[in-house]
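I have a structure I would like to understand better, so I am pasting it below and will then ask my questions one at a time.
Chains: A, B and C, in written order; residue numbering restarts at 1 for each.
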């Protein structure tokens, strides 16, 4: 009688379980992060309650921790960064896809990718020693915003480029055939089509700006208690204050810093998720690759 | 059953088909079709993809060292049926095989049966040649290596034997280390055949192996099939009737029928017979319509 | 109007506001490109001139000499930092790349659209967005508090950052491997795990390597996680598991705020070294992607 039972398939099964384990690691690590961080943030939150997020007084020796200035600082610098980066990224993306002659496209894309590879700490170094000292811009929200803008531009540009390139050529040709100029064609065919994806790209850039620590920490100025819309004032941001104050913090102080980190985490994740959802939806709708 | 050489004459096929294309059967006088042992015994087989029944009610016996052809219009379940023989549906989530398919008496879908073992004995050549992105040598040696043969000398022998059997040896013997992807389509398909027979299966299933090839490459593969018949049992799906008539010993004709209950088209086996008889004197009207080109 | 009379045809470009506006916008876009180039070139300029200065003043010394404990002292080197970067990044690569590839293998080859796989994919996207400082704090709370500062702690933190990136990029590459290659292997009686290891992964390898190299390049430049895991040593520390260590990124960060020019100079030198390293990795990654495109 024919034996079709085969040799033991344990090796095959073992491999499958190893693969499952590796994938489950993601869940494990994320779960641990959430668990560990929130538990350590507990003490300060139970002490300060919601005041942690609304009060602007941060004084370690007194054990009072109000995070509002840092939340403000993080959001403000991100806003400045977006204000600078978005028009520029959009301009570059449009230039590369619509205006640049063919021979120029590749080197330009190459250059943008080069920008993306520069480590953020090097931008920070440049920001401190060149922008702020040499050019006298000093440490302020603006300087931090500029550095962040430089760092997030490659991300927004490359994503915007992908989205723009999914514009159906027929739409563009229709506009041109009606006698539209290049700019009119862009506003008539390219931009309406890419709207959703571009918003997503910008939000992804925002997510990155929110999470960047080092560059911001170096040039933001580390001033306490400042909630001002003045971009030239020195300020502070969540990652910067964590990096700068951790070294000499006592337990309650550390708990406060961890609470800051959790806040940053939540904001960043929320922005990233919304952005990814928007980008994927717009790519799907226009038939691009997801 | 004796089969005489069949020449198209005015009296065959039956008069009611006068005016339609007669197919020419290029056969020398066919030897008697022996009653070789049964390899596959198929009983009321059906295949589901989820709730969609792709083919149903298949009953047939496939015999050793013969070439059996599955013919029929597109979508009639012939490829689906073929893939049931080597449990290729296992990799498709939601696919299910019903009825019984016995291989030398053993239910292929029995609880203890390992699909991997089944596939070592029942090989398959696909419609589009799919060599691995490896060297010619490594393509052929892949199967034997999986089966535990590590000795280089042994592998060398197997590779040469398989390439000779696939009529490819002389063309590639000096470039065994080159990538298989550098060969022409016809050569790649012969490579895939060599790769399949390198593990010495008993059965070779072929899913429209020539449909992606030019006529000359096709002729070479048909010639190959005739040579391989003495060592292997071959089941071939083809949409080329002439090919079936030229090469096969037995032919199975499938067609798709509308299932009144759910508006789906399910494949059914219409007729299964010795090839010479089916093409000269088919029993079912549907077979005749297909063969004479009235549809499909 | 006399029928058939020819109207003067004037197709010359006419001055118009619309055309001017379009050109203006194109110029603005070009301006954006220039605006992007400026910081890039400025950074490159500063790094190369100032970094090059300290690096080549006493040639190999920069790479091998100890970091002067007295920051005021001029001169090289960054030896310990280079070692530290290699230890942390190398360790992270050894942890994250195999695990990431295995995770992607699960997602694409086994998990498919199952609920578990969908959740893992979603969480992987979430994990790519975790700010690096959060990772650093996490490693501090779980590892450094128990085991002290070490290069290994840094490796753990970087691995957490790299893992989701490697999983995503590897899964993309696995998607590109045509399914008929897997079918060919299955048809030869190869088990799923063996098919993945000997056919699928080798076929996807160039893309996988490219994605991994890019992840390594990013990890090499990270600072925040290392702050909390590796500590701030200045001396050579070849031990992976014990004693605080340093890295190029940490040195840049630390020296950037120093008021001593000599320390700042070393920071530029470290920046040049780090950038050369990341550029090289990216370049190698690109050649792999190019080879991938060539094969198609």
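Things to note:
As a working rule, contacts are C-beta pairs under 8 Å (C-beta built on N, C-alpha and C of every residue); 3 or more make two chains touch, one makes a residue touch a chain.
Nothing here was measured: the structure is a model prediction, and the numbers come from that model.
On a Cα centroid basis, the chain most remote from chain A in this structure is B. Among the chain pairings, A-C comes first (most C-beta pairs in contact).
Measuring from the averaged C-alpha position of chain B to that of chain C gives a distance of 51 Å. The mean-CA centres of chain A and chain B are about 56 angstrom from one another, to the nearest whole unit.
Our note on geometry: chain A versus chain C, Cα centroid distance of 15 Å, whole angstroms.
In chain C, the residues touching two or more other chains are 191, 194. In chain A, the residues that reach two or more other chains under the touch definition are 9.
Among the residues of chain B, those touching two or more other chains are numbered 116-118, 121. Residue ranges on chain B touching chain C, taken from their complex, read 86, 88, 91, 93, 116-121, 123-124, 126, 128, 130-134, 142-143, 146-147, 181, 192, 195-196, 199.
Residues 18-19, 21-22, 24-26, 28-33, 35-37, 39-40, 42-43, 46-47, 99-100, 102-103, 105-107, 109-111, 116-117, 119-120, 123-135, 137-138, 141-142, 160, 163-164, 167, 191-194, 196-197, 217-218, 220-224, 227-228, 249, 252-253, 256-257, 264, 267-268, 271, 274-275, 278-279, 282 of chain C are the ones touching chain A in the complex. For chain B in complex with chain A, the residues that touch the partner chain are 103-106, 108, 110, 112-114, 116-118, 121. By the touch criterion given at the top, residues 9, 11-12, 14-16, 18-27, 29-30, 32-33, 36-37, 40, 87-92, 94-96, 99, 108, 111-115, 117-126, 128-130, 150, 153, 157, 181-184, 186, 207, 210-214, 218, 239, 242-243, 246, 257-258, 261-262, 264-265, 268-269, 272-273, 276 of chain A touch chain C in their complex. Across the interface of their complex, chain B is touched by residues 1-6, 9 of chain A.
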